[in-house]
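Inspection log for the structure reproduced underneath, given as structure tokens.
The letters A, B, C and D name the chains in turn, as written, and every chain counts its residues from 1.
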Amino acid sequence: MAVNMSGEVVLAADRERVWAMLNDPEVLKICIPGCETFERDGENAFRAVAKVKIGPVNARFKGKVNLTDIDAPNSYRISGEGEGGVAGFAKGGAAVRLEPAEGGTRLVYDVEATVGGKIAQLGSRLVNSVAKKNADAFFAKFAEAVGGGTIVATEVEAANVATGGMS
Amino acid sequence: MTSTGIGAPVRRREDFRFITGSGQYVDDISRPGQAYAVFVRSPHAHAIIKNIDLSAARSAPGVLGIFTGNDLAADKIGGLICGWMIHSKDGSPMKVGPHPALATEKVRYVGDHVAVVIAESLNQARDAAELVAVDYETLPAAVDVAAAQNPGQPQIHAEAPNNTVYEWHLGDKEAVDAAFAQAAHVTKLELVNNRLIPNAMEPRAAIGEYDRGQDSYTLYTTSQNPHVARLVLSAFVGIAPEHKLRVIAPDVGGGFGSKIFIYAEETVCVWAARKVGRPVKWTADRTEAFLADAHGRDHVTTAELAVDGSGKMLGLRVKTKANLGAYLSTFSSSVPTYLYAPLLSGQYDIPAIYCEVDGVYTNTAPVDAYRGAGRPEATFVVERLVEVAARELGRDPAEFRMQNFIRSFPHQTPVIMTYDIGDYPTCMSKALELADYANFAERKAESERKGLLRGIGFSAYIEACGIAPSKAVGSLGAGVGLWESAEVRVNPVGTVEVLTGSHSHGQGHETTFAQLVSHRLGIPIDQISIIHGDTDKVQMGMGTYGSRSGAVGMSAISKALDKVVAKATKVAARCMEVPEETVDFNDGVFSARGTNKSMAFGEVALQAYVAHKFDSSEIEPGLKEGSFYDPKNFTFPAGVHIAEVEIDPETGVTRIDRWTAVDDFGTIINPMIVEGQVHGGIAQGVGQAMLEGAVYDASGQLLTASYMDYCMPRADDLPSFNVAMTNTPCPSNPLGIKGCGEAGAIAAPPALINAITNALGHENIAMPATPQAIWRAAQSSMRKMAAE
Amino acid sequence: MYAFDYQRPGSVSEAAALLADGSGAKLLAGGQTLIPTMKQRLASPPLVVDLGGVAELKGIDRAGDRLEIGAMATHAEIAESPVVASAIPGLCQVAEGIGDPHVRNRGTIGGSLANNDPAADYPAAVLALGATLHTNRRGLSADEFFQGLFTTALEEDEILTRISCPVPERFAYAKFPNPASRYAMVGVAVAKGPQGVRVAVTGAGQNGVFRATDMEAALANAFTPDALKGINVDPSLMSTDIHADAPYRAHLVAVMARRAVEAAAA
Amino acid sequence: MTEVTMTVNGESVSADIAPRTLLSQFLREHLRLTGTHVGCDTSQCGACVVHVDGRAVKSCTALAVSCAGSDVVTIEGLAKDGQLHPMQEAFREHHALQCGYCTPGMIMAAVDIVNRKGTELDERTIREELEGNICRCTGYHNIVKAVAAGAAAMSSGEIRQAAE
């Protein structure tokens, strides 16, 4: 099931510092909720393991993360796919853009992700909320790592449903 | 009428075992040494299988075997088939991609079968299945039936360009164009018939077994038609020749169409039993049932009705895209074609009808027959159009229907069917009376005083049951004949065993079929047993679906009983030493006219077996007769359902206040059972209209894969139903039976949507009409009213 | 299900000791969420600690102006309890509307609160009542306890033992059930009590149960349905799923709030 | 493995089982009491309902080990001394079952309704109380009638004939 989410956060650091942190696997590991490992696996490529906990559900996702469309220090696209065993899979990407802003740097992101398997089959009611929660958690941690900031907005768009027609 | 004969509300003989927990469903059966199968299923809607790594799984504890599509291919096990050939308008045969039981190169829907793991215990099989590592290259998915044929959509099967299986049509396009050219009024609707997931309460299950000594297989399976399963598994899949494959469908917990089909799981279980040398059992969990049982409905339709200045219907034009899913299931091709378009005349005299249907592949579960199969879709089109036309013309919807009802029979429609008999105005009048239509306006005013919206909706449905005769269906592309078989075995002391090719999975055949025998032979019902569901006992049969067991299955028994009585009459005549033509048979007694001689049925049976009193060169000993009965025509049950609803416009919550059903099923064997069939059908129709809908997201993930999200009708969603009957006996079979199993599911959806739209004053409501959809429509109606 | 070890301690301290090693043991209260999750293999605790044998977690009592409910009280026990019926009758109705009769016979208030499902009923009731949630080591206000989607203030090895509700002057809960799951698609609890007027909403928010503070302010002025007129709920804070989108949920929050006030004021 | 002892249909049973054994599995696989059915994975359909210490429980959502020491009654234990329970009789008399798969859970739930709500049950109450049991065949119409009649019979000891 698709998740489309966009948002922005103003970070208390200059663009170069934010950019550096966005490319630092150690920082990303700390900020990604439940992340257990985040290791370089080639140029602009990483391997990651993250534990996802949603209420009683516990799943460990293993996968790859790639950085593409790199335009330092302005923007990149971070994308990945992870396998969560019986829980299913998740894949997707985010276009991330940095702009100078009052008091630091504005980070604007636009996420498109899909989840499949049991998570979608059994947990569709929660997918959007969990995605937003994780995005908020990531940026809260990231802002903390950068040295402060505020989440301006996170918006989740309703997933579009193809067939069968409950509306 | 005897207390157990035709027409009596005999309490069901099968119930004792079910109310005491003594039924034997497939999962209740435990075979010595049985192992457990778990299927590895695709989490992707569309992907290339690049590699399957079984090494870790193979070394997991308890694993007896792991197989993939390549193993099936190596054993020359063929794919699953679709048994009905449809030809496109241009004469070309439908375009069908292969349907391997275990996918080989590609997976095509979420839940598609990739591998099977067989282990000592179910948990071990599950553990090992998690270790099967499948490397997928995911592909974009074509999910939306309305768009799947568009250029640039992902191609699901190379054999079917643009995902088009067929572009079929029926009727006279020019005549319809001419009718529309003359029309004073045209009503046009865009309709979606929502996708449903059947959800028989017993999930599908199978146990395959191989006997090395006999070189033969046994398959226990949750089937509505075990003989067809054997035929397909033998002749097409190539498991074993028919005489080496026994198929048993024991107690089956509901089917509703979904257990007609021959699926991958039973195919693999019976094949793998030989590979691992152990019985192999598989039972679906509910999520698997959601993912991989054949779904139902899923049409997108544009429909137009042309009416002249007096309100007379002139023509009907229908264009439908039918979602067939990722593979063609056993009878899927026929459902949106020959089970759909021929019903588009409804109960109305419509001179010209033209229907086009595109059968479309999508990356979703296969779609096939579900209770009603094509006929609910047709009835929804006709009865929504008729209701809306009446409203647009300012006509009372009941009276508008009355004006257009067919009144003389036989009636040839422009879409194949010859309706043999019916009395539609009587049904309507009776329904109007029972529904207290006359006082509806008062009730509506009363609701309004409480701030609630009340609406009433009609559905005058027709269905065609007992698809027949075989020669005709063969000419339409069916791969099988649609007759039924029966064998009546009279035992020497006069008890009777009836072997039938029909299969009961809730319909109560053990009772109704025995009622027929009791009625005809005049013997108590407890001396009769009905045997079905085992290919080693019953020689051949076509099974139970399409409301055919009464009209076709019981007619076969009736024919066999004719032969039994004829032979017994001969035996009785010899025993009583009277001419055969003077012997009458009534209430279980053979009596010689003009004498005081008589013999009870049991005595004659004994004499037939001892063969002491007749010349065996003239009369063969024994009393056992069979029949293969092929009906002359379909049967045409019809009726009127009236739904009345009350809507809370503030929340969209809709309460069904009244439901009136008047049905004409011809001869009724057991009114209690017939009413039960109507109740269940209505509930499923209400489910379709208000509660149920399969939802796939754009990537092909099924979001309604459990009862948390797929809304099953529950007791508090439904009212009690007011059910009544009229009766015009069917002239096309010896018993006058028409068939009642699907009527409710066919009639209910348009009745309810017509009631809801009547309450809202707003036609644009899709099924399922959820509280949210109704609330939104109510808001827009109220805004409209405020503006006026 | 994956294999696990099983322990059935007789006391809270024994149970706490079993959780202490941090290996991911799970408490089994009623099991009505945990067991289905484990059946789907979406949870794999190495150890399940069954609280069914801990007598000190049972019981429902009135203590002065407070209602004290043991964490292992089942929904059915609360629904049928004369003590609850006389103290907070609306809470009986909350319990009676959870799941179905069979689920209510196993599911417990403690299990539900500790799980904090965003569509569960109890969190709204407990938050509106301004209850204190006692654990084996501290007391937490409801406002502290609920921390968003499936998240509570409970530490991994902390056990919810008792829910202490001040008896309100008025309390009611109005629920719009999801037609399929029968969880709350929207549920609104309102209470007027020692802590003033409190309104808590479940099923609707993107981040679980929350307080509707503008409604509280309006109702503090006048505890009548009309006081809520004109208060709109911001759809951007609402969750969306295949059953209900955010604008519909926002609308239902207002409707259910009004109905809850009507019931509470009656 | 854990040793578990409980009373099932009046008889004490013991077995050595894995803790992950559900009560439904224990009944069906260990005791071969296959009248208790499993129809879903999410604790909703109610085909698996049995009584544990006098209360209706979904046996697919209870660990067998949690029921150690309990008194369990299944559909097989409802009839006493060869006499059908009035609720069983009512289900047959009122044609409250078709395929029979949901029936054991439905009957066990119905008896539980009477235990909790008394023998005089109106239609609304019955429909609401059946929230945890799904039937796909009957449309519930006859189940509702049967539960009312069975409840009345549990008080009077007699089954009223169904209205024809």
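The rule is short, and it goes like this: contacts are C-beta pairs under 8 Å (C-beta built on N, C-alpha and C of every residue); 3 or more make two chains touch, one makes a residue touch a chain.
Just so it is clear, the structure is predicted and the values come from calculations on it, not from any experiment.
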Highest C-beta pair count, chain pair: B-D
Distance between the centres, which are taken as Cα means, of subunit C and subunit B, whole angstrom: 44
Chain centre separation (subunit C, subunit D; CA means) in Å: 29
Rounded Å distance between subunit A and subunit B, as computed from the means of their C-alpha atoms: 47
Geometric centre distance via CA averages, subunit C-subunit A, whole Å: 30
In subunit B, residues with contacts to at least two other chains: 123, 130, 287, 695, 703-704, 706-709, 712, 770, 772
Multi-chain contact residues (two or more partners), subunit D: 20, 41-42, 44, 131, 133
Subunit A residues counted as touching two or more neighbouring chains: 86, 118, 122, 124-125, 159, 161, 166
Which chain pairs touch, all of them: A-B, A-C, B-C, B-D, C-D
Contact set on subunit B toward subunit D in their complex: 9, 11-12, 14-25, 27-28, 30, 123, 199-203, 251-254, 256, 285-287, 505-508, 671-673, 675-676, 679-684, 706-708, 712-716, 718, 720-721, 744
Interface residues, subunit C side, partner subunit D - complex: 1-6, 8, 28, 31-32, 35-36, 38-40, 48, 50, 52, 76, 80, 99-103, 105-106, 181-182
Contact footprint of subunit C on subunit B as seen in their complex: 123, 126-127, 130, 287, 650-651, 691, 695, 703-704, 707-712, 717, 770-772, 775-776
Complex interface listing, subunit A residues touching subunit C: 53-59, 86-87, 118, 122, 124-126, 128-130, 132-133, 155-156, 158-159, 161, 166
Touching residues (chain side subunit C, partner subunit B) in the complex: 1-3, 40-41, 176, 179-181, 183, 242-245, 248, 251-252, 255
